[in-house]
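The same chain A turns up in both complexes below, where it pairs with chain B and then with chain C.
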Partner chain A sequence: MRVGFMAGILGGILLAHAGYATIQYRGMLKIVEEEFSRPPMNVVVELLLGLAFCIWAALAAPAKFRSIHPDSEENRIVSLPTNLDFMIFNHRGKVFPCNAEYKLKK
Partner chain B sequence: MVGASEAARMERLESQVENGGGGAWEYLCLVRKLKARRSNKVLKHGLSILNDHRARSKLGAEEWTLYEQVAFAAMDCQQHDVAKDCIAVLSKQFPGSIRIGRVEGMLLESKGAWAEAEKVYARLLDDSPLDQIIHKRKVAMAKAQGDLSAAVKFLNKYLEIFMADHDAWRELAEIYVSLQMYKQAAFCYEELILSQPTVPPYHLAYAEVLYTIGGLENLQTAKKYYASTVALTGGKNTRALYGVCSCSVAIRQLTKGRNKEEKEMSDLQTLAAEALQRDYKQRAPNKLPLLMSMLKNMKLNS
Partner chain C sequence: MVWEGDRGASGGAEDDLPIFNAENLQSNVKSIYYSRTFLSIIGGVIAGIWGFTGFTGFIFYFLVMAAASFGLATQAKFSVCTYFDSWNRIFLDGIFGGLMSFVLFWTFAYDIVHIF
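== the complex of A and B ==
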């Protein structure tokens, strides 16, 4: 997870740097009075690298992803919850011997 | 709905707590969340926390919820004095509370004093006439006294007001099934499936009720609902697979002599039979011959 965080920070820094480089490039173009069509190749490479790092961080930094299938081994419904609102006490448990050691101390 | 991972975690915590490892409070919280009915374990471990001053003070405000949970568990285990002590502590802390009044009513119920419990609930209903749990306790009292028709009447009146309470619909369906009023039970299950269509047990129960009622149309609908259970559980529900096979056999018995729709039915049945065989080979290979002979009988009966 730490690698993920590092990769995310690195990707963010790369993107910010690419943005700054593009702004500087545009400033230079204004001096030379040319049209701004696209940023220079190295900035494009830097953008793609930053994108790759950020995607890796987004997938690696969070903990283990949980399954979304309703019938996967961990999500499948094993039983319905017992209806405790309608719980009745008139069952065979009455004939069990009374366990005298259960007491609530003050 | 109790998921498989949560149920496994609860079993693990239970064995851990039983064998002396810590984690009793975590176990009690999980039991409360999953609404499991493990009264003897809850009583034992809840009392061990409550009787220990340090553990009790560590809980803070959740201590009162634990008192309530232990009171219910004590009532279920017929330890009335423990329950009375818990209620006394709670009523000292929260005097005049309706929630505590409810617990008192349940204590009277568990002792079998129906008339007094009735009086307590009537008094609480005067204060708050729309308390769902008290209405449900009246139904439970009627059920405990064996008067299922009165329970049905109370439940129907309750459901006219609180139509969205799916626990109540489920309870009504189960009471109808025990009274063998299957058509009404089918209606209740339809309401449940309408409100929660992705829960496989409701589809399964509905299919079983329809299969019990019988008749060609009901059998065909039952087969569809067994198939939908199979779809919702990813083919892992053995009971639904068996249901598909049984429905096909029953339909074929009823439509003997009519040649109309044999082809489309046998696809589903052969697939279900194959899935059953694969499942048995993987999980219970020594019972596979039983399955094979049963499937052969089913095909022969057509």
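== the complex of A and C ==
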């Protein structure tokens, strides 16, 4: 994620520099009284490079995708005691004799 | 943990909804949304500096969004069912919301660089 942020900042700096260079280029064009058609090649390269860095930052900086399958490795329920359905309280049930043959009265 | 799944007591096949972890799905969708919004803004700034006017700018926006979709699909390792519930989440969500941000920053950058 740190690399993602650095890449994003670097992309932003490149874009700001490209914008400044284009402003100066337009000022120069005003002096020689020419029409603006497109920025100079080095500015175009800088814009594309900035775009590449920002795309990299946009994909790398947010959190990694988390699997949505309930049975995948990273989603295993390890927090069972905190699940409301399975909370364990300290109660007196433990003094009951445990007899697995108890059946429900019909 | 929030699970969404089938509501039948015995899990019969006739009302079988796909079971997934909604919390992770929401986090994934938010992550895509942030990426797309950021790229819309950056695309707008680039379109403004480059001097695009008219349709060219929108074509540039859709190109940037296509590149973003491809990057997101790569990040999801091309197996959409592991991370999302449909392909539309990766490819279509957020494109038209990002369009507004794109146009805003496009006009903003164009004004700063070319007009003032």
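We adopt the following convention: the second predicted complex is superposed on the first by the 65 of 106 C-alpha atoms of A that agree within 3 Å, B and C clash if a C-alpha of one lies under 4 Å from a C-alpha of the other, contacts with A are read in each partner's own complex, and residues count from 1 in each chain.
Here is the rule we use: a contact is a pair of C-beta atoms (placed from the backbone, for glycine too) under 8 Å apart; a residue touches a chain by one contact, two chains touch by 3 or more.
Note that the structure is predicted; figures quoted are calculated from it, not measured.
Novice: Looking at A:L104, would you say it contacts chain B, chain C, both, or neither? Reply first, second, both or neither.
Specialist: First partner only.
Novice: A:D85 contacts which: chain B (first), chain C (second), both, neither?
Specialist: first
Novice: Contact-wise, after the overlay, does A:A58 reach chain B, chain C, both or neither (first, second, both, neither)?
Specialist: The answer is second: A:A58 touches chain C but not chain B.
Novice: Is A:R26 in contact with chain B, with chain C, with both, or with neither (first, second, both, neither)?
Specialist: Touch partner of A:R26: chain C, not chain B.
Novice: Once the structures are superposed on A, label A:M41 by its partner contacts, choosing first (chain B), second (chain C), both or neither.
Specialist: Neither partner.
Novice: Going by the contact rule set out at the top, does A:H69 touch chain B (first), chain C (second), both, or neither?
Specialist: both
Novice: Report, in rising order, the residues of chain A that make contact with chain B in one complex and with chain C in the other.
Specialist: Shared contact residues on chain A (touching chain B in one complex, chain C in the other): 69-70, 72, 75, 77, 79, 83.
Novice: Once bound in the complex, which stretches of chain C touch chain A?
Specialist: Going through chain C, the ones touching chain A are 1, 3, 19-22, 24-25, 27-28, 31-32, 34-36, 38-39, 42-43, 45-46, 49-51, 64, 67-68, 71-72, 75-76, 82-85, 109, 112-114.
Novice: Which of the residues in chain A come into contact with chain B in the complex?
Specialist: 69-90, 93-94, 96, 98-99, 102-105
Novice: Could you pull out which chain B residues touch chain A in their complex?
Specialist: 1-5, 7, 34-37, 39, 43-44, 47, 50-51, 70, 72, 74-79, 81-82, 85-86, 89, 106, 109-110, 112, 132-133, 136-137, 139-141, 143-145, 167-168, 170-171, 198-201, 232-234, 236
Novice: What part of chain A is in contact with chain C in the complex they form?
Specialist: The touching residues are 8, 11, 15, 18-19, 22-23, 26, 36-39, 43-44, 47, 50-51, 54-55, 57-59, 62-63, 65-70, 72, 75, 77, 79, 83.
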